[in-house]
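So, here come the structures, one by one.
Here chain A shows up in two complexes: once beside chain B, once beside chain C.
Let's look at the complex of A and B:
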């Protein structure tokens, strides 16, 4: 039952906020987010409450089946990521006056959808919960977004609907062959592996902004209000990667191997091509959006290693990096929003010397910048190093380099690219002389700092002691 | 309770309403709608609670050749009753527009029949659900169609309504001609009009049989709005009074599919002709999907959008029909009823208060009435087929039954059609939230519409998450 509560708490809070008269939306959302963390921890560390099944249709057999301990701990890690980022997202950003209902309802709905997708053990609800989270994303970008919000929201909808439909086709072909929607019964298929694998790579890939279906992501994150960027880039986007690992690799391993060369080329495009695009960005939010697209390439690399050599720890590497990236990108968007709030601009060439007046902002941004470059001691490093090792697992110096090894070697250059754009952004924004926009900036208040501190502490803990996350894999 | 008596109760109710309207001359004729809805609710209760009685399936001898009972007919009878009740309730809230276009002084003097005719149409729909003989099918179908001719053109001072009436009359008569001609050929080829007998025959694939069958399929295509008989739909739906549009698009289409199941079942099951029937249906379905969805993309009028969307839905239903997945057809129709009525109730409300059917009229609804905007958002999401709403399940089951059984090109068309749906339904959602309202006046929702919309929207979610809720209706 506890697992059901994980979804019901945000949904009930949404209902209370939407229909309630003169309720304090922020307090209810905060309460729900904190309560959900408590429930998640209770569900993870106690046994016996962790699964829930309700038959919703007998023919075809569809169950609302939830279990956080499936998939050898992947779900547990992503669940933790979801509840933590949800709390930070509720605390972040500045809600426009009079729009509290929409603002907090959307954040909670996205959270409920993401959690539901990560803990469902039925293909139907696995897919359905993810879609549930897309509608508030669309609405929030369209209504409260910045810049060219309507165009961006439309673009996101078109891309994600396309990805979802392709994905649905793939999932249906799987369900038809296996004769059930039960995800615990997934086994390698006997027919059409190649076709299904392609559908899954395109479908899941579009949702994770795999090259060349990535161009929705950066504008969307730049335009969306902070909580939505944080939740989507940090949590919801991991759905596609999660799906490739727990569904794709299980049912169509040979099909994935068939498309491995294609996947390697695309993921290198993600890392190198999008990396170069990122260097070229003039606005901080677009830069962060593109960097998040770029970092997806590393996780795809872990999946490629898994498909190629069945690496024993590629899954753990991928999930650890998903966790680390989720926390760090959420923190980045949270701080970028504060920078815009303080200075009124995110144009890199209009800012400078911000560290003088807002030292804690500079420190926190520096921290997350280092994390996303992959500095040792912070969570992303642990994930990235494991990904690179997984690419070489089983390889002996006497062997020739295989495609995955070559891809890994090229991918490592991505770290350099990250360093270039991150450090340059930091220098442009925080160092040097103050400019007109940053002269009168006040330091961050406690409320402003809180979400970033929560996320930063987790980056440090996981970075110094990665076992805190890896322990969930059995 | 005997099932066959239900239709007589319905006709009786209609006659009483008609006489009362004529002789008691009530001042406010729109009250008739409430009386009709109340009466039909009692009959619906009889249907539901009488389902387990012992003499349920008893049919007297004089009727038994033409009349069947059982799960199929009960489902479609219930469907007809529920939709007629909702149509009557919607008509009540539509009364101000109706009065405006039927009399000089905005009085309800000339509107009495408008609230009575749906009851007769309902009886026809219920007979259609039970008809097992081509002749009884024809008679029941005509009762429905002729009633609709009057209802569509009822707003006689409105050019649109008259135009719709004429178009529907001419094309409807044409399709009737097809049906009768088809039945004649069918009789010539098989020697009987009794479908039970036809299903026992060893069918051979003769030209006369196939010709008759294709004529019948064409005329059924008119009923359900499938290509190539879809041309009437946009204009008639747009011109007809909104409650009648809802009636046409939901009850009439569902009855068409109910009859199509009964007529086509023997042919889809026979080895000799099933290949031909399948091919015709699949081609029709693919064309319908493409036509409905692609034409809907460019619409700026919400009523027309719903018309094209109803063509699009007919395409999905035809796909399920062609692979003989009749339970999916029923499931899809049940979800279609819920979400379409929700859409029409909201359209009806906006039409009455703002006097416009255009999508522009929904601009800024999110500001004017957030709860109504939420309901419309859920409805549009359901029609587009967003998961965890009722609309997704219907599409999912259709996809599930066609993936692997029909040629891949048809499957691709179906997926493209579903994707296109997102575009035009979300256009409405965009208007609700992104555009500035033309007038800031908050929309007030009359209580009947309010409760109907709340119940229907809640049903969209409940069925979407817990489809077992209507599974029992389809199995029963």
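Let's look at the complex of A and C:
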């Protein structure tokens, strides 16, 4: 039952906020987020409560089936990511007056959908929970977004709906061949592996902003209110990568191997092409959004290594990096929102010297910036170094370097690219003399700092002791 | 366990200063940092005398075939290096107590110094390549933070960024080299590397791996072509330049190569001709940097180019497969170059932050202790017989015998003497050329104390054989042979030329714009960044926006918009319903297929 509670708590809280009269939406959302962390920890560390099954439809056989301990610990790690980022997201941003219901309901719904998708053991609900989480994402961008919010919302909707439909076609073909929606029974398909693998790569890929289906992501994150950017970039986007590992690699391993050259080219475009696009950004939020797209390339690289040589640690490398990236990008958007709140701008050339008046903001942003460019001691490095090693694991020196090794080498250039844009941003925003927008800024309040500190501490813990996450894998 | 304490103490100090004491307790913070560093020095000395044994390692990552330990080496190479790091680290802390007294962010300064001490300790103790890479990056961070200490100054902020990025470019190669070594040598642990396996797949692959690993050293030790960050790094406080950008961190590249070569073994290395490339890069760096140094006017810049040049010597020795000679020079150089940098710090402090040597002069009389110790450092750097620099430079010249680089090394010896005595004649002798220099007074004991200790080390260090890093003790007997005679002649020629050109001069009689402008390499790189990277980024951004976003996806959007318009006719409401509708389509389709199929 604990597993069901993980979804019911945010859904119930949503209902109370939505239908309740004169309730304090923030407090309820906060309570639900904290409670969910407690339940998640209880469910992870106690056995016996971990699965739940409810038959929804008997023909075809569709169950609301949940199990957090499936997939050798992958779901546990993504569940932890979800509940942590949910708490930080509820604590972040400034809700416009009178919009509390929409604001907090959306955050909780996205959270419920993401958690549901990560712990479902039924293909139908795996897909449906993700769709559920997308709807509030669109609404929040469309109603409370910044800039051309309608246009951005429309674009995101089109992209993600396109990805979802392609994905759905792939999933239905899988269910059709296997005769079941049960994810615990997934095995390699005997027919049409190549076709299905392509559908999955494009479908899941679009949801993770795989090149060339990436250009929705940066404008969406720049426009969305902070909690939505944090939850989508940090948590929900990992759905596509999760799907490729726990569904794609299981049912169409040969199909994915068939498309490996294509996948390698696309992921390198994510890293190098989008990396260059990121360098050229003039606004912090667009830069962060693009950097998030870029970093997806590394996780795809781990998947490629897995497909290529069945690497003994590529899956774990991918999930560790997913966790690290989720925490770090959420923290980045949380702080970018504070920068805009304090200075009224995110244009890099309008800022400067902010470290003088807001030293803790500079420290926290520096911390997360260093994490995202892979500084050792912070979580992302542990994931990245494992990814790079997994890329070389299959190399037999008697042969020439294989395509995955060459891709790994090119991908490592990304560590230079990300340092270029991140240090440039830090330099422009925090260093130098103060400018008109930054000279009267007040330091961060405790409430401002809290979500970033929660996320920053986790980056440090996982970075210093990666086994804290790796222990969940078996 | 004491080795763990040696490893953890600086981290504890950094954490306490940054998170507990902060600027409000700056006085305590500075004392704490200095005290903890002294603690590490004591522990390092105990380690040298084998008072404690090596503790068990700690498993950092262990999954599948990927295992990384945080574990320690226990050999003379590490012990000697540790003495250099903690010894100079402690003296620099003491010097900083006075030098940074009035800085309004000295807690941050001392916290970052502690962070550096921690990172550097990690490099020295690392038993495997990944651990070394971890701390390699962390010294990069502490260097970035300390160069940018005065972050409000644009030049300091830019210099910090440049240092970090140059190192990142080197680390790109370094990381690939580590990956190749992992497969070729069968391990990333230095003591478990298999040299025979390493070269079993041809000298080409092995050579590529060695050179890629060396890329890390090119960045960290500022060798050509990534040397440009080091002179700019002089924007940091001068004690930082002494510790990080002269004595320890920049020498980490040499230490890393010595450790790596130790792991691969001589037998294998001799079959890899690519090591010749390392020797030439070192040799060319030492020559080019020495030429640049002859035309600099900023006292710290002269020393910075001198550091580049001396690092080139060390790298050259490593490339000639004599890492012990390189490490011996690293060791002697660390003491006398720290002496010179701290001496320049004392001068800058006394002259109210004037760094131009042409505005100094006559400091010998105003600051006798500083001037005397500075001259001692100069004698060691220019390898006057019986100074420490003499013995270690002999070692390098011997390593280069029968090699064309021998003549390069001798040429550099001549240039070194020339530019150092140019500095001495202009800044310390003659008449004061500026009011600041006229009113300069000797610095206080917390500053000249370290200078005196370092000056003693500039003579004594080769004889403290237990402290010298390396696998075998260097030969420190004075024997008159051809190399000695040539080396002394180079000194004499350099000194004579500096005397003739610069004695009593008020302005520079020589002008070589090519050297003064650093061979225009910095401008060349700025051009590359501007015209290649930034332009490429702009072009890619344009393509991304207008082709991928505009056409490919725009088509999709229009298609969907068309469909949306059909729905709109029936729904008659704004866009919002469409968002929900379109995303709900997925669910509807799923239900349709599952129920009606």
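Keep in mind that, in the parts below, the second predicted complex is superposed on the first by the 470 of 474 C-alpha atoms of A that agree within 3 Å, B and C clash if a C-alpha of one lies under 4 Å from a C-alpha of the other, contacts with A are read in each partner's own complex, and residues count from 1 in each chain.
The criterion applied here is as follows: a contact is a pair of C-beta atoms (placed from the backbone, for glycine too) under 8 Å apart; a residue touches a chain by one contact, two chains touch by 3 or more.
Computed from a prediction, not measured in an experiment: that's the story for all the values here.
Novice: Check the residue A:111 against both partner chains and state whether it touches chain B (first), chain C (second), both, or neither.
Specialist: neither
Novice: So, does A:424 touch the first partner chain B, the second partner chain C, both, or neither?
Specialist: second
Novice: Could you say whether A:433 touches chain B, chain C, both of them, or neither, answering first, second, both or neither?
Specialist: Once the two structures are laid over each other on A, A:433 reaches chain C alone.
Novice: Would you mind checking which one, chain B or chain C, touches more residues on chain A?
Specialist: In the superposed model, C touches more residues of chain A.
Novice: Touch check for A:157: first (chain B), second (chain C), both, or neither?
Specialist: A:157 contacts both chain B and chain C.
Novice: Would you sort A:328 into first (chain B), second (chain C), both or neither based on which partner it touches?
Specialist: Touch partners of A:328: none, neither chain B nor chain C.
Novice: Please work out whether A:173 is in contact with chain B alone, chain C alone, both, or neither, and reply first, second, both or neither.
Specialist: In the superposition, A:173 touches chain B alone.
Novice: Just checking: does A:135 make contact with chain B only, chain C only, both, or neither of them? Give me first, second, both or neither.
Specialist: Touch status of A:135: both partners.
Novice: Once the structures are superposed on A, label A:165 by its partner contacts, choosing first (chain B), second (chain C), both or neither.
Specialist: Touch partners of A:165: chain B and chain C.
Novice: On the A-aligned overlay, A:143 touches which partner chain: chain B = first, chain C = second, or both, or neither?
Specialist: Both partners, chain B and chain C.
Novice: Based on the A-chain superposition described above, do chain B and chain C contact any of the same residues on chain A, and if so which?
Specialist: Dual-contact residues (chain A): 57, 60, 62, 124, 127-128, 131, 135, 138-139, 142-143, 150, 154, 157-158, 161-162, 165, 168, 172.
Novice: Spell out the part of chain A that touches chain C in their complex, as residue ranges.
Specialist: Residue list for chain A touching chain C: 57, 60, 62, 124, 127-128, 131, 134-135, 138-139, 142-143, 150, 153-155, 157-162, 164-165, 168, 172, 212-216, 273-274, 276-277, 279-281, 311-313, 316-317, 353, 355-356, 370, 375-377, 381-382, 385-386, 388-393, 395, 397-398, 408-409, 412-413, 415-416, 419-420, 423-424, 427, 430-433, 465-467, 470, 473.
Novice: Could you please specify the touching residues of chain B with respect to chain A in the complex?
Specialist: Result: residues 327, 366, 370-371, 374, 377, 381, 386-388, 392-393, 396-397, 399-400, 403-404, 411, 415, 418-419, 422-423, 426, 429-430, 433-434, 465-468, 471 of chain B touch chain A.
Novice: If we count contacts the way the header does, which residues on chain A are in touch with chain B in the complex?
Specialist: 18-19, 54-60, 62, 64, 101, 124, 127-129, 131-132, 135, 138-139, 142-143, 150, 154, 157-158, 161-162, 165-166, 168-169, 172-173, 175-176
Novice: Hey, which residues of chain C end up touching chain A in the complex?
Specialist: Chain C reaches chain A through residues 59-66, 130, 133-135, 137-138, 141, 148, 151-152, 154, 157-158, 161, 164-165, 168-169, 171-172, 175-176, 179-180, 182-184, 200-201, 205, 533-534, 536-538, 540-541, 544-545, 548-549, 552-553, 556-557, 560-561, 575-576, 578-580, 582-587, 589-590, 593-595, 597.
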